[in-house]
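Look at the two complexes coming up: subunit A is in both, with subunit B in one and subunit C in the other.
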Partner chain A sequence: MSSAPDTHAGRMVRLLIVDDSNIVRRRIERSQHFDDLEVVGTAANGIEALELARRTDPDLVTMDLTMPQMDGIECITQLVRMKPEVRILVISALADKATAVEAMERGANGFLSKPFTDRQLNEAIAELMY
Partner chain B sequence: MLLSDTDRNRRVLTAAAGTVLAVVMGLVLIIGFRLATQIRASVGNLQRASELQTYPELISQQLTALRQRLDTLEYTGHVHSELSASVSGFNSDLASLQRQTDLDSSALAGATVLWRNYTPVLAPVLAYAGEPYSDSATNSTLSRSGRAFYAHVRRAELFAAANSTALHDQLAAISTSLQAQTASAAARLRLLLSAGVLTVLLLGAAAAYLQLARARGERAAREAQEQTRDILATVREGFFLLDADYRIGAVWSQALSQIFGRNDFAGLAFEELLRDKVSSETLATATKFIKLLWGERAHENLMKSINPLGQLEVSVDNGRNGKETRFLQFDFHRVMGPKGVKHVLCSVGDITSSVLLSRELQEAQESAHSQLDMMVSMLHSDPLQISAFLETAAAGLKHINAILKEPARNHGEFSKKLAGLARELHAMKGESSALNLMSIAQRAHQLEDMVGELTGNTDLSGKDFLPLVLKLDELLAHLNGVREMTLRLTALKENSPTAQSSALAPRASGPAELATTLQTLAHKLSAEHHKAFALTLHGLEDCPPQYLSTVKDCLIQMLRNAAVHGIETDEVRRAGAKTEAGQVRAEFRRVESGFELLFEDDGAGLSPESLKEAAVRKSILTAQQAAALDNRSALALIFKPGFSTRTEVTMDAGRGTGMDVVAKAVYGLGGKIGVSTNPGRFTRFKIALPAVSESAVA
Partner chain C sequence: MLREEELKTFVDGTTRYFEVAAQQPATIGSPYLLEGEPAIQDYTGLISISGKREGVVYFTAPRAMLTVLLMKMQESDFSHESMRDLVGEVANTISGNARRDFGHDFVISVPSVFSGEKPQIPNPPGARAFVIPIHWRSHSAKLVVSLT
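Our next item is the complex of A and B:
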């Protein structure tokens, strides 16, 4: 929690949504209700996510794990290498705890399992924003 | 921590009290010593002053004695020398008193002044050294110097008589003053000693109190320690602390020993605790997770949600040289210190019974669901159909019993028994699932599983069949239950005002019911396998009653095969430019030689090569035998017992029982069965049945 509060002092928190399902992406975008949160991009796979992250410089990323082309674990690894201060919320349907632990080890900051309620989503985002 | 603070305070207090005691005792001793010295000096002075008091009287008497001797002309020498001694004694004592600075000076000064007046008077008396008498033959008289001496003595006698009282009083005053001084010093000494004793008593009391408090503190600490030990010995969870090297601390709860069957936890790495108990993947995940707990990103809630050890299946020694599976629940709580995470508190609980209970509950729930489903499907189906099925099933069970009772001694006989059982069970499963009686179908399926397992076993004996018998008993009980429910439902339907008159009349199951059964099954299969197809039936009403049962069995089996193997999925059909819904067609017709049953589907057809591969896989053929088969013979493989192309068993197909049952039933009626196919286009079964006698038809 040490670097989080400083990342958005006085400006909008930039959110990048990464999920291969269009429905989930829209759901996250619509369900979050933060005034100081701005969705700067949505990506459907790891490669798109890295490209978008390079261009949009997000503070916060919601990350699916099972995606085509480049999966979430690999994407987290590269994202953290590229932008060490970025905060990553893994949102995954994988019940497998080993994958969650793996994601945390690679640098994820939070974990939310699908299906989730709006309240759970907002709480998880809030935890990483403030 | 609280205890050690009080302990420190108490130590500081004890040290302070000791110091105060030492200082006070030192002061008491020094002041006491000085007072004692003073008192000793005062006592000496007092003695001297008392002595001095006697001198004026003594000197006065000695002067009178001297004068009387002179009067009587007696010898004066010794009196004179006594006087001299007195005067010099007085002088020396007085001088010694004068040297004491702390004496009452007014009395001493007064005495000194008085004594000084004595000096000129006494001096000529003391200084006289001549012979006072002059002797003649007859008498003695005072000599000339004697007369002068007499005059001096007389004067001194008078002076002493006049002044000795005053001098005595002055000297007495000195004495009194000295007495007062000594008394006051003694009082001071007494006071000092009292104060000293009081201080010692107070400090002693304080020390006693501190000692008492310390004993109380120690007792409390001991009790707290004992309580901690009791808690650790009694608590049902295993508790321990992990340090930053992921090693277990020196203290753990008794339950931990019971859970892990060991006692050497101190310093044990967490990884070692789980090694050999869980898979290497789980161990790796657990190790990573433990490391994450020390990181700054590890919030309690987050870590709880990804805890991979929340329900850990471990295999442990059961104490009887065997292993058993237990379920453990690990919880982790971070213990924060001033410099971040200090320890991680781990609790381990054995949740085996609750896991098993929840599984049992789930099973009970599923069984309740299936019973409900069964009731619903029974409500939807014709009770007569169900009754007919129950009769068939009862007959089937009787047959099964008969098979089980047959003596068997060798592998061949056992195999034959098992094959018979498998066929009966398969038929029962097919019919019950066609009627949507899934609880029965599932039981039959489980029994088939058990038979399948026994079939793979080459070393069989009678007692291997025991579990099968138990399960069969359970099936029988279930069937009785279903029968009872059917009777009640029938009664319910008959009593209801909207009851159909047809339901009132007893009716044997006929071609119409068969058609309904098949359509229901087709519907169910279509939904279960996500394949769209339509079943069309022709001429079933022409089926003579004695063939109806066999025709039903055959059609059910072929319909299942068509749904599972024949009809393709939507995607495959679209890709093959076929109609989206598959077509399955059954036709019964009279022919010259008797009857013919045609069954065809426009599905994937049969591939001789796949059939051969499957036969090799099932060890029905060797690879060489398979290679030597022509296409026709390859197709005939599907009528072999135990044959299936499916690699996994489902409720509807895959066991390899099926077409052999159909073939056997057909042969039993003296009929023939044939198959033709065009891969990718269709599969067609043709069953020829002999004619029946007219009387039977009527």
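Our next item is the complex of A and C:
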């Protein structure tokens, strides 16, 4: 998984990680195995995520849904409005189909249920990178 | 009121969490009805449930178990804050996964976390609290499910 993506013309893909758990944020950062992926920021809620997205201009965002202050669904809505080309992978414990459908309707591009393996995480990221 | 057959959702969720996140299965004991004071251990992560059902789901575990769980997750931070983060995340994951069976109207809160103090655990009228014993390696924890 180390070849440069054609879709990003050989440059690093910029990843923003959003989750209210430090452990999950570190886990995603540590477990992604892409040489052409650069973590540009981590946020613990939707408000922090939007602020960081303005400053760091991510190509890809992993997004938790259940978070304090601003939840993931609202954050997806505002993020897509701000940056329509961003790719969003929802990573959430909310495992029902209706939640996945709602997230997709708001603009998410993929959905991964917690708990997840490293392999599942990397496959889900790869689907949105390439 | 929570039916005994509905407990399977939480037993399965707990089993899945340890298999996937800890990469080592836990043994789940027979659930039993909680009577009297809740059995609280060093750290407790509590999720409030609203919507179609009301109540709480909480995961309570000893520090030693959480330390090993963090090690299995390749974590190097074993601080008090990491322990609090982990119990909250376990409770959140198991409760969120329950929406597979309980549906979209099973609304879960962000976790409240307790450590070192006796938590005030709400008990809605008509709810029955079941304890699901969790044995993992040499440690024991509990998931308590109390729902209308």
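FYI, the second predicted complex is superposed on the first by the 123 of 130 C-alpha atoms of A that agree within 3 Å, B and C clash if a C-alpha of one lies under 4 Å from a C-alpha of the other, contacts with A are read in each partner's own complex, and residues count from 1 in each chain.
Here is the rule we use: contacts are C-beta pairs under 8 Å (C-beta built on N, C-alpha and C of every residue); 3 or more make two chains touch, one makes a residue touch a chain.
Since the model is a prediction, treat every value here as computed from it, not as a measurement.
Contact with subunit B, but none with subunit C, is seen for A:104 once the two complexes are overlaid on the shared chain. Annotation for subunit A, partner touching more residues between subunit B and subunit C: C. When the two complexes are overlaid on their common chain A, residue A:80 makes contact with neither subunit B nor subunit C.
Contacts of A:127 after superposition: subunit B is touched, whereas subunit C is not reached.
Using the contact criterion defined above for the overlaid structures, shared-chain residue A:47 touches neither subunit B nor subunit C, since it reaches no partner. Of the two partner chains, subunit C is the only one touched by A:23; subunit B is not. Contacts of A:114 after superposition on the shared chain: subunit C is touched, whereas subunit B is not. Contact with neither subunit B nor subunit C is seen for A:70 once the two complexes are overlaid on the shared chain. Shared interface residues of subunit A (contacting subunit B in one complex, subunit C in the other): 98, 113. By the touch criterion stated above, subunit B contacts subunit A in their complex at residues 281-282, 285, 288-289, 291-292, 296-297, 299, 302, 305-308, 310.
Residues of subunit A touching subunit B in their complex: 1-2, 97-98, 100-102, 104-105, 109-111, 113, 127. Interface of subunit C with subunit A (complex): residues 16-17, 20-21, 70, 73-75, 77, 81-82, 85-86, 88-89, 92-97, 99-100, 103-104, 106, 108-110. Put simply, subunit A touches subunit C in their complex at residues 20-24, 26-27, 30, 66-68, 92-96, 98-99, 113-117.
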